[in-house]
Structures are given as structure tokens and as C-alpha cells.
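What follows is a group of structures, each given as C-alpha cells.
In the two complexes that follow, chain A is the common piece, with chain B as its partner first and chain C second.
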Partner chain A sequence: MRQISPLSRRSFTTTSAPQPVRVLLSKSTDPYLNLAIEDWLFHHGQYDKQTLYLWRNEPTVVIGRNQNPWKECDVKALERDSIHLVRRSSGGGAVYHDLGNSCFSFFSDKSSYDKNKNSLIICDALRHFNITASPNTRNDILVNDRKISGSAYRLSGKRCLHHGTLLISTHLHNLQKYLYVGNPYIKSAGVASVRSPVQNLSHYAPMLTHDLLMNAITKEFFHHYGHRCGVELLDEEEMKKIPQLSEAYENLRKWGWRFGETPSFEHKLQYTFLWGTVSIHLHSEEGRFKKVEASSEPPEVLEGLSSLLEGKAYDRHGLSEAMEMMEDRGSTVTQRRREVEEWLVREM
Partner chain B sequence: MIQVILILVKIPSVKLNQVCVRPLVTPFRFNRALHTTRVMCAAQQQSNTPDANGVIPFILSDPGEGIAECEVLKWSVKEGDKVSQFDMLCEIQSDKAVAEITSRFDGIIKKIHYQKGQMAQVGTPLVDIYVGGGTVGETISSGDNLSPSTVPMGSPDMGLGGAKQPIIQVEGHVNSGKSGSEEVLARDDQKAMASPAVRHIAKKYGIALHKIKPSGKEGRITKEDIMNYINRPMAEEKVEKVASSPAGRVVEVAEAFKSSSASVGITEDRVVPLSGYSRIMAKTMTQSLTIPHFGLCDEIIADGMIKLRSQLKKTAEEQGVKLTYMPIILKATSMALSRYPQLNASFNEGSLVTIQKSSHNIGVAMNTPNGLVVPNIKDVQRKSILDIARELNRLQAAANGAGLGREDLSGGTISISNIGTIGGTYASPVIVAPEVAIGAVGKIQKVPRYDSHGAVVPVHIFNISWSADHRVIDGATMANFSNAWKEYLENPSAMLFEMK
Partner chain C sequence: MNRFTSTARLVCQRRPTSVAATRSITPRSFSRSFSTKLYTKDHEWLQIDGHIGTVGISDYAQKALGDVVFVDLPDVGKLLTQGDVAVSVESVKAASDVYSPASGEVTEVNEALRTQPDLVNSASLSNGWMFKLKLSQPDEEIKSLKNEESYAKFCESEDENH
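Showing the complex of A and B:
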């Protein structure tokens, strides 16, 4: 294996004319806050500077702007294990973050936006640790055909954001535990995740840490833009005092954004219990039940549920509310309804 | 259940080579690849002049990369709404990029061509805006390179080393570390971003737009900015530094990325239930101290080992491996065990049987954020020092990050603790059942000793403290083993001589 010693390394990119830079590092691991900071930088940052923002989250599943959370991940398991569920404003697929995963965000002016160059800055930083990485056509970064970084983008009239992840020492079994490709009974609009085999960078460089890698990325960032600056350390309490930021923070936490922005989908369910059968065909819009056809044999078990579900939130709270409002038909029927509710919550 | 309805549409005022075919789809679609080949309408050019009815079709421009269509995610306006230039119209998505489309014109939304969830074809009208007559001209100037309708999803000319449009250069050399003296002011009025209404007010009061600091979204000048400028205190021109000053404490790169541990005392009693590794440690230690321990300690001259490590360190680093003293110590332990296999055994007190193990699975005590763990390196007798170092790195990274596997934590035959890296000279280590021996290595110190000629010389030494199970190991065996181990470490060439 030919060794590339640090002194003689060549950069992948040609450095362009010098541009002023800004580097920010978040000290918080709160995913809502970190994304709110990103949103604030996107709309209110200094547009004349190439900006790099570095952050990482405590255990979180992050879904893309237009994804369906119920299709992308096990929402109940996330609730049970106290894992955050966050919807970001860029496109792309669902990812699992924990402290072994580091995130980077590049902010550029529209005219100097180059997402491939950003990825090559990351690759140059990885060479500090003798890791040979390169971006593929989807701008994922691969080492030995294993994906160690994925990217997503957000563009507005003047500003471009390219952000992505870096797997350093993430609990990879949690990816399989919490993210899945498809509930086959849900047909939906929106973007599906594209699966790739992943690997942690610490597999190739055992002593690699978040701090070491972020340090290297910052150095390469300065090298490419021909300018240096001090690193701004962002404190949680101070950030929350900024009005536009705290507004973004609150919005990210709202049910309406996280679940309500789900594109429409259909869900067809059927089950045979000991006492009879149940069939439910429901449509969901904006994360709520809309137009439900629920029927059962014997019919009194689910009679009237269809109209009660309409407009309720598409989760077990909405379902539970609707079922409670059903007309009482005796203890046997109530017991059967409870069974149906348990089964439905598992399926949803 | 997709119903595909083909509509033949003839778009006026554009020369077409083919008719546009645009299938309508129901809202409930299956997921599909976004780069499908579809029949594309011949791309229209964005026009700035309204047609006879005062309407301008706003075209979805070509983002490059061969993208033919984008999904409309959300409309921020509806038909009949009044919009100003730069107002957000909608969000669209193409693969992994979400783009905000803002209006180029002031006017009223006349017709939305693609609903939420539909795929908008590049080069076709997204929305029709009624502008009436002539309000458009003054805001769309030829020198304006800030056209918000162009969606730059990786335009083809942004390749490596390709020519780029110059970004707005801020006056003066930027050397940050100074806080916030760089204001983003437009170089001249044409470059300033402001809606026609705002420009009108500025003109009315005779104010040059480039003098005004923008406070709106993405650097736009608002009406309030103009009024604030007019009413600014005459005594001094205090520039509001909030937007451009650093967001947090600014530090040097090296300081930013070193991990810090703050030490704070506790102010009141804290109840800490044992869990995870601590719980396991409590249970195993209780069991361990039922073993009758005896100890043996010695002093090892470390100079040979230090020299060996410094020679090997660079080569190891080139292979991405961090080399400490531990791999050398572990290899010496394994070689000594080959001569004294009684110490690499497992004792069953019920049946009074010791099983001398052929594999030297040497456990290394590690201090992790979750507590003390002792993962082991398998078959040290078959590994080189470099292999051992690599494996040790892997275990350390796993212990501190993703977690150790069951395989790593079981099957150990003897353990070594390097407590000296934290502190201490001699120790009384506790055997990890069902093993029969354990060693604890103290810190390396520089001390004066007599050499063979009786002169006082400085040497580096460290201490070893062995504990063994006195039911199966006697003092002589332990001492002989320790002497062999010491010989290897003080004279690494002896290790090389006997290494298989």
C-alpha cells in the first residue's frame, strides 16, 4: 500500500481566490437547538463569508423535509427509548445520529456554491488520518466502498446550505434498530431513503475522535479558502436568547412540523382475531387521519370509528381519543375494541 | 391505482417542436426515482414583459445536472394572494436538495400550475403572476446577478477549477478575530436588495440605498431600515453590531477542539445507584475476594523498553496505529507464560481442577466513561507487537465509543492493569475469577541507581505488582515467571531471540 506522508500530500482541489471565512462550533448536543442554529445561520448569517458550522447530536433520528416518519423509522421505539425525532429542512433520507456521528454544514453565497468541493475538503481532512475517501455521484463519501458520510442540501435565492454526517464511532446496530425501509402496507408520496452499506471511520483509524476530525476539517477549510479565523463556540443558553433562533427552535419541536408535514399516504390493514375480523383502509394527510373506512365482523366492534378518527392525529393518542368516544356496547365489545386498539398501535 | 390522463397543451408565444404531454397523477403515488425520463416541454425562457392580460408566467428554471422535474413540497401563497418581489412562493425538492423559490415580481398570483405533491417540469410555468403594466422594469436590471428565480442545484459550471462568478468582496482585508467590523453593505444602489416600494421611499427622501444596513431576510433592506436611518441620532453614527459580531466566544482552533473536563465538587449528598459496568464490577469483585491472594512485587529497569518503543513508534504511526508500552508488556507476558503455563489457567474450586489454557487471552484493564472494563486480546502468543497494538487501539475505541462486544469481554486467561498511566507505583490488584493471576504496572519514574561499577546513574524504572491464587500457584512459580518477564522487558533483544 503506497503511503502518503503528510508533508507531500496533494490536495484534491485547486484552491481558488482567497475568501473570508467563518467557523462555528456548537457546544450543545440538543438536536433541535443545533438545527435551529443552522436555520438561523441560513437566513441571517453573514453572506459574504464561507461559513462552516460543526455540531453533533445526542441519539436522534433525523428525517428529510418531505419524508413520512412512520415509513422511515420505528416511531414507537423512538418514544420508548427516548430518542429524538427531528425533521430537517433539507431533502434526502432518514439518518440516525448519536455522539459517535459528527455533522458539518457549509454555507455559501449562491455564486460560490460548490458541493463537490465541500466534500473534497472533508476527504482532504480524512487524509490526515491516512484514510483514503472519495465522494460518489450522489455526493456520499465512501471509504473502500462503504459509506461514511451522506449529504443533503437547501437552497434559497441567495444562500446555499450543504450539510452532512460523518460516522466516526456510531452504534451501527441502532441504525438497523430504529430505521427501516418501508412498512409495505403504507403507500405514500414523498421521498424514500436509499440504503447503503455503512462503516465507522474508527474502523480505519481507531484513535479518531470528533474533536480530532473537526480540527482537521477546519484546517483544510482554512487551507482551501486561504483565510483563517477564530472558532466561535456557541453556548446553549446564549443561543436561545436570540429571537429568530428561539423561534426556529420552538417550530422544530412542534408536532405540526415533525409529523404534520408528512405527505399524504394510504394504509391498508386487516387482521383476524379469535372473535372475528377487522379491516381498515385509511388515508392520512399532514400527519392526521383523513377519510377512514373501518369495518369489522361483527360490525358493532368498530361501528362509527371511521367518522370519529377523521382529523385526529395519526398516532396512538389520536386513535385512543377516537376509540374512547365510541358508543358503549357492553363489556365484550369493549374488550374486543381494546384488542383492536393494541393491534392497530403496533401496526401504525 | 394511478390514473394517467394525457392532456395536450399548446403553450402560446413559444416555438415548439413537439406538443407538451403532461400526465396528471393522483395524490397517492408510489415512490419512484426522481430522475425518470419524461417527455419534457421545450424549455421556455423567462420573460420580463407581461402579456396582453398583464400576466407573466414564472418559469421553473433549469437547475442543471440533467434534472427534468422537481416535486412541489409546499405553497406559501394561493391564487389571488398579493406578492412582493422576494416573497417566498413555494418549496420544491429534487433528490436531496430542497429549494425555496421566491418571487421575481410584485403582483397577484393568478394561477398555480402545479399543486403540492405534483412533479413540476423544468422549463414550464410554475405560477402565473399578474403584474399589470410596467412595475417590473426598474427592478430587473441587467447588472443584477442576484436573480432569485435561478435554482442552483449544482450548476454544471461549478466544476473543479471551473470559472466562478466573483462573490461580493467586502471592503478591506478580512482578518477575523476582530469582532464585527465587517458590514455587508451593497457596493452601489443597483446591488442593494430592496423591493420597489422601499426604493420609492428611499428616492423620496433622497437616500442612497447602499448607505443603509439591511436587516431583512437574506440581506434585504426594509422600510424600517430606511426610517431608522432617517431617524438615527445625529451625535454619532453608531453601527448596530449584533448581526455581524461573532455568535459566541471566539477561540483559537487548537483550544476549540480539545476535550475539557471540569472538576466540580458536590454540594449535597448524591444517590448513585450502580448500573452497567459498575454493577458488574461490584459483583465480580465480591466473588474475587473469596480467592486467597498472595502478592509479589519487583522493580523493572525500563530503558530498554523505552528505546524499543521510540524506534517502533514512527513505523506504527505510518500504519495508523498508536504504539504505547502496553503492547510490548503484553508480548513479554505472553512469552513468559509460554515458559510458565500454570499462570495462564482457570481454576474450578468445586472440582479442584486447573485447566491450563493454550491461548494467551490477556485482559487489559480499561477505564471508560461507563466504568472499569477488562476486555481481552485473543491469542497474544500468535500476534506481533504491531498486531497487539492495533487490537488494543480497537478495543480502546470501542470501549469509549460504540461499546465492547461480548466476545471481547469473555474468554480472558490472565489480566494486566496499567494503572501507572494514571498514577501509583506498587498496587494490590484483585484477580478476575476464574483466572489465577493478575499484574499491575506502576508509573515509569527516573531514579538514581548503582550500576555494575558502583557509580550512581539515572535510570528509568517501573514497578510490577503480581497477585496470584495461592490455592494453585506457589511463590516460587510466581517469582520465576516474574523474573522471566523482567528479563524480556529489560533486554528486548532476549525477546527477539526467543520470539517464534
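Showing the complex of A and C:
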């Protein structure tokens, strides 16, 4: 038999040879667990099968592998409102998840990896609800020029993961509230998000739910590969018993991954108080203060702060720890330092 | 005020002087082997100069990646075993792992990639190198690597399978 030519294989006809499939659905809404399951499937999945994993998270901001949380989102607001901040292992930009957002993950062996085909499966599933959607050049899926789905990828040798979001009925106000347009005073290495106008799918199909859409995607997945299988329902407690999975779970929760993996960045700040001007140029590496250039008029307000900050976490806890260690210069200076600290916490 | 200048000097000093990058003069008898690159099936290259190996990715790999926007380099001093994930490269929303083609200790990383990750695209075989390592067992390990010719054939067969 002759090989099918590359061109005809890329035309996504359903005439290609059937391939074995596997479908998993997470019952958990814990973002760390859901991403740990994904990580486990990525490393220990069955690459002789086309694999689809479906999941959704309680309110969470998920940033890309090489992003700066302080540039991409309102870290303080997330802390205040108990919203998770999670770093994923794929590339791309920051997204907001809640139960109105569903996630899909396609795992393929490199020889059969085809992100266009995956997007086509999603678009075909949306057709079940009379929604006409199509991917753009960034492989975002759009309906009437509004983004309803964004994708990102992780590749390692033969292992390929293409995952994405689907806005069904996400709280779009929260999405806007927690994701920054990019803090202009932070100059960061790494990857900046591309902002796009978004819309919920429920705007086009009011009755649409997570279950209905996951069902349709599963059906289309079976149809495209010419094979069916039972859907594996993943139980939270059972999953945590898998050693490699629980290790990934713990790693995803660590400060060292969520913040410590931040590419190096600089933040320049200046403010004139009633008593004088303060200029601070913060350099951060691995989520910690690395080098701090601070000057104030009068100088005793910030004298010694630079070296005290070095190595501390780039957040209000690290800042107040350093402030407390500063030499006592009397009550006026202490009061001014307090004002500087409050200002920095606001700005950082 | 002069804290700014003193820190600026410190920043400059932190930049490693790229001694190894300019030290390309080798004894004549080795000149041929020095210019030769060995390749892995995952499209990394290894260039051996004495005990030091330089690692990068092939032209085939950079084309497949598309525009590189960030390179997450290993720490100097890190011990790598052949096949370990050494670098993560981000391009077009994809994070891709780069494996170490040999075992050894990382002695230097290409600092230029921190500000110019696109060197991986424009000069994948030269200025877009990623890291150098002190090879611990090169004689054993190079047996599993491909020379230019067999790597070129391998890439052709990869294309046919896609």
C-alpha cells in the first residue's frame, strides 16, 4: 500500500485509518490537581492512543510557563479574593478560569500530532449547538471575531500536548478584573500575553453547559478517529494516590514554581511624598529581590534597605520583613518608612 | 545617588566574559573534528572541543519551532545526564524541551539568549548555541549520536512521516 501523501493527510478527511482512543474526565475542580493529572498523562500517558482529557477549575488565574505573575495579573486582588494563581507548563499567555470555563487537553505522539485537527474537533462539536466557529492563525477559536477559546502547547520528544480553554459562561467581569493589560512599569523577560476581545459561548447558545459541550467534544473525537471507548471518570482521592501525580500536585502548589520560576524583571517606581521624593528601581530574579537601587530625600529614610531586601520574596511579606530590620532612626523616619512601605505595597 | 552607578557596574560584572565562545583556536590536528557537529534524533547538536561540549538545536528544529520568544537556560554547575531535559524553549505558545545530548556539568550558558532569544532562529548552529558542558563520558556517548550526513537523512525520513 502506498503512503498517504502529506497533503491529503492534512485535509482532515475522516477516511484516514481508525486510531485507538482514550477519554478521561476529571471530577475535581482543584486547579492544581487537574494540572497534575495533565502532567501525569503527559509523562506517563498511553501514546499508542489518541488521548482526550476534559476538566474545569474553580476560580483561578493560570499563567504561561514563562510569564511574570506581577505583570500579568493583580496578584494582590487574587490573594484578597482567594483566587488561585497557577503556573502551567505550556507556553502562551494568562487566562482566567472558573466553572463557566471548560478545558480540553489532547495528547498525541509526535508522528500524529496535529493541532489543526484538534481545533477542528472542537469546532465540529460547537456545530452541535448551531455555533459556527473557526480557528485563527494563532489557533484561537473565534465566533463572530470574538475569542471563545485559546490554546497552548507543550512538546517533549515524542510527547505532544495541545490544551485549551472554552468560555461557556465565565464571569467576564472577573476575567477583566484579575488579568492586567500588562503593568507598563515592569520590564520583564519572558512572554507577554496577547489580549483579545472575548465572548462566552452561552451568548450564542444560552442552554449550553459544561456537560453538554464535553459530551459533544467526546462524540466528535470518536468520530474523527473512527474509534470509541468508555470515558474514564477521574476521582480526586484515587488520583492523589498515584505517586508521580501527587508529586506533580505538590510541585505545582509550591511558591518556587508559581512565583520562583518568573523570568528576571525590573520595576521602576517614583513618588513624591509631602516630605520628599523616593525613587526605587527593583530588579528581581526567580521571584525574589535581586538588586535594589533606592534613593530618598532625605536619605536616611531608605538607607540600608537595598541590602536588606536582597534575596527576599518579591511581595509585601518580603518587603515588610526588610523594613522591620532597618536601623531605628527615630519616630519621624519610622513614620516616613511606613508611608513608603504602604506606597510600595500598592504599586508592586 | 551614586548607588545607581555602583549597581550598574555590578550588573556589568555579573555578565560572564564569554571566554569559551572566543576560544575557538584549537591545535591543527583537531581542526576537522572541532568543526563537526553531532546530532540527536531529537534535533539537538553537540560540538566537542576537548572536554567541553557546546549544545544547540538544529536548523530543522528551529524551523519547526517557529519564532522563539524565550529560552529558559540551565544553571551553571547543573549536572546533566544524557537525555535529561536541559532547556525549555518557548515559541508560538509552545514550550518545548531540549535534551542534553551528553552527560556532564554545565560550565557556561549563552547569556545573549536572555535578551535575544531569536538568535536560536537566526543562528541556530552558531551564535544561537545554548550551553556548554564539561563532558563526563564523551567516548561512550557519542556512539549514539548521528553525524551530519546521517542526521540529514534522518530529517528527510521525519518529513516523509508527517
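Operating definition for what follows: the second predicted complex is superposed on the first by the 333 of 348 C-alpha atoms of A that agree within 3 Å, B and C clash if a C-alpha of one lies under 4 Å from a C-alpha of the other, contacts with A are read in each partner's own complex, and residues count from 1 in each chain.
One rule holds in what follows: contacts are C-beta pairs under 8 Å (C-beta built on N, C-alpha and C of every residue); 3 or more make two chains touch, one makes a residue touch a chain.
Computed from a predicted structure; not experimentally measured.
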{"item": "Three-chain arrangement built on chain A, chain B and chain C clash or fit", "value": "clash"}
{"item": "Touching partner for A:S111 - first (chain B), second (chain C), both, neither", "value": "both"}
{"item": "Touching partner for A:H281 - first (chain B), second (chain C), both, neither", "value": "second"}
{"item": "Partner chain(s) touched by A:K268 [first = chain B, second = chain C, both, neither]", "value": "neither"}
{"item": "First, second, both or neither for A:R338, with chain B first and chain C second", "value": "neither"}
{"item": "First (chain B), second (chain C), both or neither touched by A:A152", "value": "both"}
{"item": "First (chain B), second (chain C), both or neither touched by A:G92", "value": "both"}
{"item": "Touched chain A residues, chain B compared with chain C", "value": "B"}
{"item": "Partner chain(s) touched by A:S306 [first = chain B, second = chain C, both, neither]", "value": "second"}
{"item": "Which superposed partner A:R65 touches (first chain B, second chain C, both, neither)", "value": "both"}
{"item": "Partner chain(s) touched by A:E293 [first = chain B, second = chain C, both, neither]", "value": "second"}
{"item": "Residue range of chain B overlapping chain C upon superposition on chain A, of 109-117, 181-189 or 271-279", "value": "109-117"}
{"item": "Intersection of the chain A residues that touch chain B with those that touch chain C", "value": "3, 64-66, 89-93, 111, 138-139, 151-157, 189-191, 263-264"}
{"item": "Chain A residues within the chain B interface of the complex", "value": "3, 5, 13-14, 16, 19-25, 43-44, 46-49, 64-66, 89-93, 100, 109-117, 120, 129-130, 138-139, 151-160, 168-172, 187-192, 200, 202, 204-209, 211-212, 214-215, 218-219, 227-235, 238-239, 242, 261, 263-266, 283"}
{"item": "Chain B residues touching chain A - in the complex, by the definition given at the top", "value": "27-31, 34, 71, 73-74, 86, 91, 93-100, 102, 117, 145-146, 148-154, 158-161, 164-170, 174-177, 182, 184, 217-219, 243-244, 246-254, 256-259, 318-322, 390, 393-394, 396-398, 400-403"}
{"item": "In the complex, chain C residues that touch chain A", "value": "1, 3-4, 7, 10-11, 42, 69-70, 72, 85, 88, 90-97, 99, 114-115, 159-162"}
{"item": "Footprint of chain C on chain A - complex, ascending", "value": "3, 6, 64-66, 89-93, 111, 138-139, 151-157, 189-191, 263-264, 281, 291, 293-295, 306"}
